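What follows are several structures.
There are two complexes below, and they share subunit A, which is joined by subunit B in the first and by subunit C in the second.
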Partner chain A sequence: MKRSPPPEKGDSHHVPVAGGDTAPATGRGLQTNGDCHLFPRSTGFWAEAWRRFRRRKLALAAVAFIGGLVLTALLAPAIAGTKPVLCRYKGRIYAPCLGYFRRDLEPAIFTKDRFRGTYPRNLAEKDPESWAVWPLVFQDPSRSVRADEWPGEPANPARDEGRPSRRNLFGTDQAGVDVFAKMVHGTTIALLVGFVSMGIAGSIGIVMGALGGYCGGWVDILTSRITEIVMCIPTLVLILAVIAVIEKPTIWHTMAIIGATGWTGIARLTRGEFLRLKGAEFVLAARAAGAGPVRIMLRHILPNALAPVLVPITFGIASAVLLESSLSFLGFGAPPPTASWGSILNDARGNLAMWWLVVFPGAAIFLTVLAYNLIGEALQEATDPRLREARK
Partner chain B sequence: MDRASRVERRRRFLAEAGIGLLALAGVAGCGRREADPLASVRPEPAAAEAARTEPVTPPAERTPEPFDPPALADLDRTATWIDRPVRDGLVLLREEQGREPAVATVAEALALANDSPAANATILAALGRLPEPGQADLGARVDRHVTGDLGSTNPIMISTSAEFDILGLTGFGLFSFDRRLEPFATSDTVASWQTSTDGLVDKVVLRDDLVWSDGKPITAHDIAFTYRVIMDPRVPVPAVRSGTDQLRWVHAYDDRTIVFFHREPLATNVWNINFPVLPRHVYDATWEADPTLKDSPEHVALEQAPVVGGPYEIVERQRGQQIVLRRRESWSTVRGKQVREPPFFKEVRFRIVEDPNTTLLALKSGEIDEMVLLPEQWTTQTKGPDFYDRNTKVTAPEWVSFHFGWNIDTPFFADRRVRRAMTYAFDHDAMLSRLCYGLYEPAAGPFHHTSWMAPRKKPEPSKQDLDKAEALLDEAGWVDHDNDGVRDKQINGRPVPFEFTILVNQQPLRVAICTLLKENLDQIGVRVNVRPTESTVLQQLTQEKKFQAYLGGWGAGTDPDTTENVWATGAGRNFIGYSNPEVDRLFAEGRRELDRAKRAEKYARIQEILHDDQPYTWLYWRNSFYGFSKSLRGYVFSPRGPYHYSPGFASLWTPRQD
Partner chain C sequence: MSQPPLVAVSDLHTHFPVRKGLLRRRVGSVRAVDGVSFSIPRGTTLGLVGESGCGKTTVGRSILRLVEPTAGTVHFAGSDVLATRGAQLRRLRRRMQIVFQDPYGSLNPRMTVRAILEEGLVIHRVDTPAGRLERMRRALERTGLTAAALARYPHEFSGGQRQRIAIARALVLEPEFLVLDEPVSALDVSIQAQVVNLLADLREQGGLTYLFISHDLSVVEHLSDEVAVMYLGRFVEHAAAAELYRAPLHPYTLALFSAVPRIDPARRRRRIVLAGDVPSPARPPAGCRFHPRCPLAESVCREVDPPATRADGHLVHCHMAARALDRAGGDTDAAAAALAEMLARSQDATLAAGAGS
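Our next item is the complex of A and B:
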């Protein structure tokens, strides 16, 4: 796992920094503003990594898949919903679909005057001049579509009768809620959980690891012990306990806890990298040039230590997605009727004959976790020179 | 706070924590009755489902003052005795069935698929019959299903439904009630039962052929002793103290004569004298030293192998897996003579399975012989030959109802108009047809419409009417003044948006019902947050009144007076803070009124008042849905299900294989 920097490529470890305090890592006695044309500038470390990453078709497909998920999450209200994306009503233009992101972004005019959030008929009846741009699929992620809500269309089938059909692409659950709409809107949670929780874990882990690794001594002892203590906390149990205690548990609490307990592996890796790099020549040079410890840590060591740290973060995202799904499966996820992939699986538990409640969310979770793992693996190989050598 | 009361408080806490764990074990079962933290009633030892929501009231109120009972001769001289019924539930049922014509043969009923009310009636009538002499296999074993383990095998610690199921078979009792909930003394244990004309004294003479499982005789002293233990504030009794605490005193005059003294002549006295019994010779020396009845080494040993007085004894207990009961020969044969009919099953094995889907698989594969079916299972997973090969299923009305409870102490629900608006806003039809698969009946009040205490005119089931709901909310001042899409109202000079949280247990059906309420209220500018809550937490929050609304349920008690602690001002289970002096008065009058018809009028009036006030939005009556192995016969349903009455489980049998 440890990457030993080839001395002649010292420059590639070093993100070029503006300013004269950047000592060349080669230590060949060149001036700091030495002529670059003497040595043809090698491609940067990250450019090199990207070049190697690009070679892996599966990893690229995985990146594209995650990108697609991000797009789906952002455009969810335009893909499936019962609120117009854009509409003109009584002389003004509104975007009621934003209500899917935040309830209070939906204009109040659509809750008054017995409008009752039912758009298709009310728009036409209350303002014949109105027009609306509708989402691609007229289905709601939190409720069943009522009979004749969209003129001429029947109500969603409920109980165990909601097989996939033209109206309900992925079928409906027992209460008649469209599974496709639920999955499209559930993408947000699946993505957020991974990024937010690992964002938190990454920040904590890198700070702890950097401090411990660079400072050494009692700081190192302290951070290492804290890391060991946090490793002992069972995340699932903690989440269940916190959900029971707080007044209004939301998905953000879950993410915060996953983040606050999932940083230990990252901290240990970062500490190892910092321990290794703090003796490197370029650090010595930076120190000799008068750079303070914070500057050395952030600008000199961190960029070089980041690559191995990114790998556990990527795998962490995958496991956070799985953890959220299992929580929802157990009924401790986002409060209902917030759609989440795991909660659809939970609905399937009551009646396994409704295969569409298992197959679609199951496949989505599987593919997402697979994608993150492929990206993680590719990242590892692209940034680890020893693996790179082995591949050749 | 002195030390003793601190110790007591801690003990009670421990006791409640223990109950909590049991309740938790029930939750994952999703839908067995044990999973209803709020479906509970005052316990009757032979029956009653989980009374674990019974709040433990301060001990000071409970301790009976010393009482100097009059001599028996004086009592007999001054009191005029009326004989009360002493019966055998099985004989009663047999007589009743003897009057019914046979509808179909057993073979015909077993071949039927239960897909219509007519088929259900046929199956119930043909398979519910008791055996002819010699027809039952007395060596048979039945595998029953419970969703949670026992908290304790001590009968006075009885609290959850699993405990009532199991300890009901091992426990000794004097009284029971038939499937119309008419009380009587059981002829298995009682020789005579008399009540004084002033209603203040009950005198019971025990039979002289009763022995505990260790061979010692069961006497009246055991009953008087148990009364003292139950009423001792140091003993953490979770449920059975309620009711028993209405008694003035219990005194044993000799080995067979036990007299119950009441404080007042109440219609409910007949239920208050019904409590489980402990063997005095076993606990007399140990209980004062360890009032928890479970911590000392002696009590730990007793917990494993209790000395019991009922027809069955516990022979094997694997925690979290199964509990095996065997027929106790010393119940039916005393001093070499058969004195009682032995129960039909030689062995009763209780399998503990939490998950309803696993349970259904176990039923289909023949590992268990009976289970409660969820509406979804009844409708979609028990139609094919994989189910009917070994099993059949039946349904019957049961008096368990569910409701939204509105906390009247919050600014939202103090106004009756708002509570009525909630009822009008909710889409009752969608709930009943879509979520409950059309299997449950709508509820509109606390008393089941087939019960004697309900008004003769069946209340109209509620229907969704958003126009009425909006009009009522407007009238109550909840209007969207600030144009943010949410109704609000100035309260103490501050605008309060109409947004509240509803607590619900994690069972999918109940969460779906709350989600439906959210959807409905969202349409009229009221925001709801649905919060699925682990059932012990839910129970605690409701008891501490830390909620705005909740979804819960109550099982019916044997007597309408058991609902007083839900509705009377300041009562223990009046979580929503309802208070209406007229209701309080009617309950007090109803308890003192001994004439059934006049009592019924009082309770009918209560139901009308409650319907007007809508402190609850009543949702549905949850009927019984059971799957039974085709080898079982004799199941007969009461308003409290097939087991929790007399004969209840004792009427089940398996035919002899010849």
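Our next item is the complex of A and C:
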């Protein structure tokens, strides 16, 4: 990259470049001293942050763990279930396993032909030509597997008998339902609770904080007071109250309430960032160029404010997961048949001898919360400008 | 001088409210700019000097309406800047741009140089995308950079290069007027000279008009046609650059000049040390604002705000300077010499008193 020297005319007003008298090599031209061509390629902020994030092996492992959970949630019916992933029946191909996501996705023909949820025997009896691809583990998350349901296999044990075995990896609960299947299908809830509630909280928090910080004046007073009021609401008690009032409470109500009360920290942080960046010179420069308030907020301030705000969102996900588990443990969580990890813990309350009902879901909750916290911490370090300068 | 000045500022006031308590009641105001008037003819440069906190940055920002002035008028090329709004103001903004002091803070770290330069062009709907690219390339080349910089982020450049990018951002809109808010103060001395030369070249080529704000008198001297000295929100002295540097009339200007290191012994001046700090602009002193620190202050200075005294286009707000000018029959050189003499004597007296006690 070559710098072209300036036009040589108009010497009279030139200041002699320092050092020019004694070191003619420096000259008095406009050569700049930086060597930006030495950089292999241009890196933006997020690429740079990812580079630092990657250095932390534990955080990478945590990301991999959460990625694994996402895969588990998406593939749950193919991992554990009693409905074929794919099957050919009376000349057509079906995917009955989708019924685990939503009941009406299960092809109607199986209801019409009175399968009643048991596929292996019915498929063989009603269409000898049929074939099927089965889930990895033939266990159902909402009911006990009966004897001979899978030809030659015994029924699931129930109560104290259901300790972990080859057939039931994580054991079975009081009613003989396979715990592994329950947990695999409960992954969806564990993930959704975190992402949906913090999606709501993040949106509210960023909008409130941005408005308060940027507009100032009475807008700021209003948003700050609302934030303080919401901060005083005890989330757990509110959820219990709402669940008591609503006729058919679902997990979505819980998520909505966690989101609607969990945005205060995010709003305060966003407000602070907007307040700080509002007076930054690059924002003034944008205003001098004629940029309006929307453009300044979205293009100039928000991208610079987002990194610090992501950190409390990540920690928020962790606490939302924990909160949902506590609710389920208390018996106010997802209504059956959807099982969440917390509700499995709840089953263990009756009989502590069934240690597998405590250990496996407990470990899953613990690891998930730990993973989010590790990610949040690494994110904080990777995006902190002070640490960034120091480590270069 | 039949042409009207490009920028005309009259009696500009910019006060910042000081708020306190839960209801954020207004308890006072910081008078950052408190009655400043000047005009800048097209193609010339007004240098604005003063200590930090004297309000010079606020003057620059008020003209561009980056802070809202409290009172006064600003005319730019005939239109009243403070009265325009909306699309009209946006059109005006394209014609007057600003370069900030800190090249680390004035470029958005999340945007590439291309995005930074292009923003103004996009806002003002200038040209086609290809034409915009050409304009950006030209602006970079004028500042001594190349188009290769476009794809990079600000943190990949040195301080001097960043300041060139900031100048290119201002130039790409092809403005007529540039506010240079301490554009070289944050740079190394060797790079300072390069950037000052660049600014001088640009003015020569493009017929630009500058308001050059700085606390560095030697830098201002090189670039300015006229120089104004500011103290606590007001101009204390304003004259053609050569005149001001030859015959400074305000004791504050004399003190500032005496602090500039000189290599040439003939130009070396007696060092005048001012006592105390700049008073708070929230509660400016009565009378002459400089009197608590002025070695020449008399009782009239404590009571009466000195009016402007004019001599040969040289403007000064000082009772003592007015008296000296009177005695010298309006000859600024003789008056300046007399004032310098008085200051030197008062300095000796202070030193002697200090030694005696």
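Criterion: the second predicted complex is superposed on the first by the 344 of 392 C-alpha atoms of A that agree within 3 Å, B and C clash if a C-alpha of one lies under 4 Å from a C-alpha of the other, contacts with A are read in each partner's own complex, and residues count from 1 in each chain.
Assume contacts are C-beta pairs under 8 Å (C-beta built on N, C-alpha and C of every residue); 3 or more make two chains touch, one makes a residue touch a chain.
Not measured: the values here are computed from a predicted model.
In the superposition on chain A, no contact is made by A:L60 with either subunit B or subunit C.
In the superposition on chain A, contact of A:F45 is made with subunit C only, not with subunit B. Of the two partner chains, neither subunit B nor subunit C is touched by A:L75. In the superposition on chain A, A:A158 makes contact with subunit B only, not with subunit C. Once chain A of one complex is fitted onto chain A of the other, the partner contacts of A:R287 are limited to subunit C, with no touch recorded for subunit B.
In the superposed model, A:L352 makes contact with subunit B only, not with subunit C.
Touching more residues of subunit A than its counterpart among subunit B and subunit C is C. Once chain A of one complex is fitted onto chain A of the other, the partner contacts of A:R114 are limited to subunit B, with no touch recorded for subunit C. Looking at the shared chain after the overlay, A:Q174 reaches subunit B, while subunit C stays out of its contact range. Residue ranges of subunit B in contact with subunit A, taken from their complex: 356-357, 374, 376, 379-381, 430, 434-435, 437, 466-467, 470, 480, 483-486, 501, 506, 508, 511-512, 514-516, 518-519, 522-525, 527, 529-534, 537. Within the complex formed with subunit C, the residues of subunit A that make contact are 1-7, 9-10, 13-19, 26, 28-34, 36-37, 39, 42-45, 221, 280-282, 284-291, 295, 299-300, 303-304. Contact residues on subunit C toward subunit A in their complex (touch as defined above): 24, 61, 64, 66, 89-90, 93-94, 96-98, 100-102, 105-112, 119-120, 123-124, 141, 144-146, 148-149, 151-153, 156-158, 160-161, 164, 166, 169, 173, 189-194, 196-198, 200-201, 204-205, 219, 222-223. On the subunit A side of its complex with subunit B, the touching residues are 103-104, 106-108, 110-112, 114, 116-118, 142-144, 158-160, 174-176, 244, 247-249, 331, 335-337, 346-347, 349-353.
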